[in-house]
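In what comes next, chain A is part of two complexes: it sits with chain B in the first one and with chain C in the second one.
Entry: the complex of A and B
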């Protein structure tokens, strides 16, 4: 077979991404059709910037999902094919077997793996970790920021000081510390995970209790059910046989998160939550002066009801925008971690690690490093544009 | 630039139409609007919010933003069409020939620039005046707006001045270039009544002195009566009636103007014998205007087939009067002199037993004198409430009157249990509740004492449906056994406040201000409240809606025998609905008595000034002119002796400077009437009424 020309490469990549295009077109057609009924999400389709951002983000989300479903990926991202080391894009596979894709669309890296497949598989890692880690950071930030803003005083001073302390700590240094074997040995990352991941439980528990405590017959089963499930997930998440935190027996452990990923989670949450804390605290300070908060106080509502049901829903606008931006930061942070080889295994196809590997031969072979870099850039750009669009639209009538 | 001379009218607006273009549709904000301002004349532009009065002002300034556009008609300033001018010519005119004063003084001043510099900029930019001359002019103008110590003022930053002083500076800035036309957009709305009176007075004097024409935009008919020569009433984007003050106030020729006057409390109104007549229905949204007459659906004189015929209604001249015009098809058919049809007069519920008793209530706050190193240093004490003593009875309305900083909100907080008292007692049904914070109060007590808030746009949680919010209050007050029962009760509460039941599933943003306020009232009555603290419940609403909400409160009070504590600074409405009045100043109760006692002499000097300050929209009322000097002192640093002594015009009548030394004792004047003042009985007896209604 002959090497592919650039036109053919692009066409083939385009065709390979067919599931993504179909999903994107479907999503946009449906959204635009019903945009007047969809609230803020619908309004997004009135802003060109927002639409472009949303399209970029959803492109990577769909690509990640379909990639994981094995619809897009052409080769095993970890498989090395002899003779393909550092080959330029469009090189045909020597001795391709029946049913095997005939080319390395974006060439091979220095370990003779398919760059295209690695980029697609890397998207799935980012699409999974970044939003979830950001969501955890938001839980921590909200659960601490609301009382700090609402109560003020000593509590506020203490928590704000703590937030400033964490923010003052050099991020990269912190990551290096967390992955150092000696530190992992002491169990500090595992304990930190235990501490940080308990916040969603606290958050949901207080949220439901403050809302339904007037109806104990409904509240108690609800809380037992929800907290039971969440608790089990929590314990499965933090507990690992053989690690420092081993609280539940192995047969009850639903899933195991590899230690490296857990460290990535912990560090991302730990670094992001102080900023979220500050935003939430500021919003709470502003919203607590509203009359509806006073109305809730004068009818004897508890402080947590006021914080979670009167203040938080009305702070959602800026928080949603910040959430989008923060997923972008987290994506970059993941890239940085991968680049330094922290947390994720060395053969991992995530974008940061791939860029780092490609970096070594950058002056000779550009193609292994460029695709993941462009992927990272376009996703973060998409998230920033999306946040811009959301901000603009939420301010308009 | 050189100012050109022109003999004709200063401002001629002819058939002006302005529209705003949103992504959904074109929204006409002003339609077929004509007004003429002659030299030296003050024209008032009156209407409810959303009627387009501010848009007219922005149209004159040619500053409509990206979405707004003049779609018809012309605006001529001294004979020149403003619409045809280039941006540069307009920039020359703005600030030098046409000056504008906005509602919020702080927003009009640059906080990072000294007052003097900001003032001097005006002639320096527009006329190229040398700096020294500009400084002299600034000094002159600041003296003209009656600010004390002009040199010091010129050398200070905006935040160092009080709200009233800031607004005076804004006026001074507008006058710096001796403009021919001054546009005032609700210039006193953000100020306290007594300060407002002084600013209005100033504007009137300066208008005469400089010969400036004025376009005065306001929603307050009383204020327009006091300042303007002519008036133009707007409704839903159109001028509905225009004419001289006397013609429009006394011989109105449009149903909307008439309805407006009938819905505001005038000194003669009485809540039981002659209740206010609210305008039915709601103000139409700009894109949902009815065919034919915009006011048609809410008009008492509506005739089907005529008023709702899809045609433009023209302004008609009213013969015999001076440039008096009205936009009504039935001018000649309506008997304008006919007295208002009296709706069923209501009898007042008998006043029952004492429900609430305050005994020497005191609330002090400790503030760290040094914000940065607080805690260790000396603390300052702010005396928010001083020895408050009064009783409130069942189905009684007790009005609490005072300007900002007088301590009325602190009192409300202490009563509600959001704060605890420093000293003294609050007795609710003979139980002491002054030391029980709200978390420790039992459900019954909490449900009994409820509050209606001032700002309708802030009183409801924007992200929860109306029904949900009321049901939540029911849950908290333990009303109803299950969700279905509570929902039923919530719907009946909506009935009580006369809102359609469909509103239960609406979000607050879909409701108008008046409707939101009704929901707020429904929520307060969820647990059958016996004492309701209403904190300026109608002051943020439009005039036509105020009457309806006030009446609703009164009606619920009659049915439920509620004790209403009505906090307000609007003495017209207080006089209309309250049984007893308590006047507060800097944390002190300066006067307390029945409404008749407080509104007739002898007065406390502060009550007297307040009464004089409130604008009354009635040409037959004569007021004694009392203008208070200066501003309300800060509660952080109250004057020694009598709190009012810094602004009191009677101070010289008290021998020996007693006012500056001692807090006056509470004096019992007549049965239940008390005044905190050093004046002698003789002086009190010689006081004359502030408000006189001329014999008709």
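Entry: the complex of A and C
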């Protein structure tokens, strides 16, 4: 078979991504049709910037999902094919068998693996970790930031001091201190996971309790049900057979997060939480002077009800915008970790590790490093544009 | 104002102590010490040999004691070998034990001895910091003026085509972390694959003699990431100022548009970016680490990576002390500067 020209490569990549295009078009058609009924999400489709950003983000989300479902990936991202080392994009596969995809669309990397498949598989890692880690950071930041802003005083001083302490740390030094194998051996990241991941439980518990406090017949079963399920998930998440934190027996353990991923996850949540804390605290300080808060206080509502059901919903605009920006920032942090070879295993196809591997040969071969770099750039750019669009639309009303 | 600065200084010292203690704790965990012993001695040490090595070095004392020694408030550990010679933290190689001081720590100006570079930490940190200082100087000279110009141009006519274009540029640069922009810049301007070869892909030679060819790419890479953020802040603040009453008055009075921007708007619009620029320092530190690794420029960030990768405890502590001081001092300057620039805020 002949090597492909650039036009053919692009056409083939385009065709390979067919599931993503179909999903994107469907999503946009449905959303634009019903945009008046969809609240803030629908309004996003009034702003060009927001739409471009949303399209970029959803492109990577769909590519990640379909990549994980094995609809897009052409080769095994970890398989090394002899004779394909550092080959340029469009090189036909040496000794291709029947039913195998015949080309390395974006060339082969230094270990003769398919760059295209690695970028697609790497998207799934980012699309999974970044939003979830950001959500956890928000839970921690909100649960601590609301009382700090609302009560003020000693609690606020103490929590703000802690937050500033973490913020004064250079992020990379923190990563180096937390994500080395020696530290993982001591179990510190596992203990930190135990501490940080309990915040969603606290958050949801207080949220539901403060809302249905007056209807104990409804509240008690609800709390038992919700917290039971979340508690089980929590224990499955943190507990791992053979690690330092091993609280529930193996057969009850629903899933295991590979050790490297959990450490990366914890450190990213840890780095993000103080910033979220500061934002939430600032918003709470501002909103607690409003009349509706005074009205709720006069009505005799409890402090947690006021924080979670009066202040928090009114702070949602800036928080949603920051959430988008922060997913982008988390993506950058994940890339940084990969770039320094921390946490994730070296053969992992995530974008940071791939860039790190590719950069060593950058003066001769461009194709292993550039695709993941551009992928990361476009995803973060999409998130920033989306945040911009959301900000504009939420300011409009 | 004096009281405000004094209180901030107190908080700063407390923060510094907490952070160094944290670094100290993490680097002194037993697995880390074991790794240190093995890299210092040899990799096939048995467990007993490791613990005797650590015992001699005083690494097995309780943590607060070790921290006190490092700080210089407790007399340092000494160990008498079987042949009667005395070894200890304060005794430099070749120095007589009797002449060595009892206390040697940060307070006495002794930063420790690096196990990787086989040099005194203070010397390494000073030398590397000077190199990074050179890098930062050029980054600032490139980043701040271009960011301010970008922001002011975009913000003076909000919603115009210029504004849209420049804002998109600014967003794109904030979305490009250093390891992405660095890779792209090297690929385009320095690789033989594209063939432009305008600049060099490494900055190792820039450590002695920096010139445009070997120094521009690293400077540009760091500057790009910070530039977008400062430009967006400037734009927002400029746009806000341009809607103010006194600008409208000036317009109605018939002042020309360039004059309004230069004489009336600019000064007020630059208050917010000033704070942002100061708060950018900690972020730049991150960028410095990435860029120095990428371009192999052996400055402060590169030292951090080396120290952290090899668990060089005292060098790592020295590096963190310096970086924490940089962060806290810039925060202080930004607060004080904000108060001075903005007449609407007073501290007491």
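Throughout what follows, the second predicted complex is superposed on the first by the 396 of 397 C-alpha atoms of A that agree within 3 Å, B and C clash if a C-alpha of one lies under 4 Å from a C-alpha of the other, contacts with A are read in each partner's own complex, and residues count from 1 in each chain.
We take it that a residue touches a chain if its C-beta (ideal position, glycine included) is under 8 Å from a C-beta of that chain, and two chains touch if they have at least 3 such contacts.
Since this is a predicted model, take the numbers as computed values, not measurements.
Enquirer: After lining up the shared chain so the two structures overlap, which partner does A:30 touch, if you call chain B first and chain C second: first, second, both or neither?
Expert: After superposing on A, A:30 lies clear of both chain B and chain C.
Enquirer: With the two complexes superposed on chain A, say which partner A:215 touches: chain B (first), chain C (second), both, or neither.
Expert: Touch partner of A:215: chain B, not chain C.
Enquirer: May I ask you to decide whether A:313 touches chain B, chain C, both, or neither, giving the answer as first, second, both or neither?
Expert: Once the two structures are laid over each other on A, A:313 reaches chain B alone.
Enquirer: Given the touch rule stated above, what does A:229 touch, chain B (first), chain C (second), both, or neither?
Expert: The answer is neither, since A:229 touches no partner chain.
Enquirer: Which holds for A:169: it touches chain B only (first), chain C only (second), both, or neither?
Expert: second
Enquirer: Just checking: does A:380 make contact with chain B only, chain C only, both, or neither of them? Give me first, second, both or neither.
Expert: After superposing on A, A:380 lies in contact with chain C but is clear of chain B.
Enquirer: Answer with first, second, both or neither: which of chain B and chain C does A:363 touch in the superposed model?
Expert: second
Enquirer: Please work out whether A:294 is in contact with chain B alone, chain C alone, both, or neither, and reply first, second, both or neither.
Expert: first
Enquirer: Which partner does A:335 contact after superposing on A: first (chain B), second (chain C), both, neither?
Expert: In the superposition, A:335 contacts chain C only.
Enquirer: Who contacts more of chain A, chain B or chain C?
Expert: Here the partner covering more residues of chain A is C.
Enquirer: Would you please give the residues of chain A that touch chain B in one complex and also touch chain C in the other complex?
Expert: No residue of chain A touches both chain B and chain C.
Enquirer: Give every residue of chain C touching chain A within the complex, in rising order.
Expert: Residue list for chain C touching chain A: 11, 14-15, 18-19, 23, 26-27, 29-32, 34-35, 171-172, 174-177, 179-180, 183-184, 186-187, 190-194, 201, 282, 285-286, 289-290, 293-294, 301, 304-305, 308-309, 311, 316, 319-320, 323-324, 327-328, 331.
Enquirer: Flag every residue of chain A that touches chain B in the complex, lowest number first.
Expert: 46, 214-215, 290-292, 294-302, 309-310, 313-314, 316, 397
Enquirer: In the complex, go through chain A and note every residue touching chain C.
Expert: 161, 164-165, 167-173, 176-178, 180, 182-183, 185-186, 188, 328, 332, 335-336, 339-340, 352, 355-356, 358-359, 362-366, 369-370, 373-374, 376-377, 380-381, 383-385, 388
Enquirer: What residues on chain B touch chain A, complex-wise?
Expert: Result: residues 22-23, 416-418, 438-439, 441, 443, 446-447, 449-451, 453-455, 458-464, 473, 475-478, 520, 523, 526-527 of chain B touch chain A.
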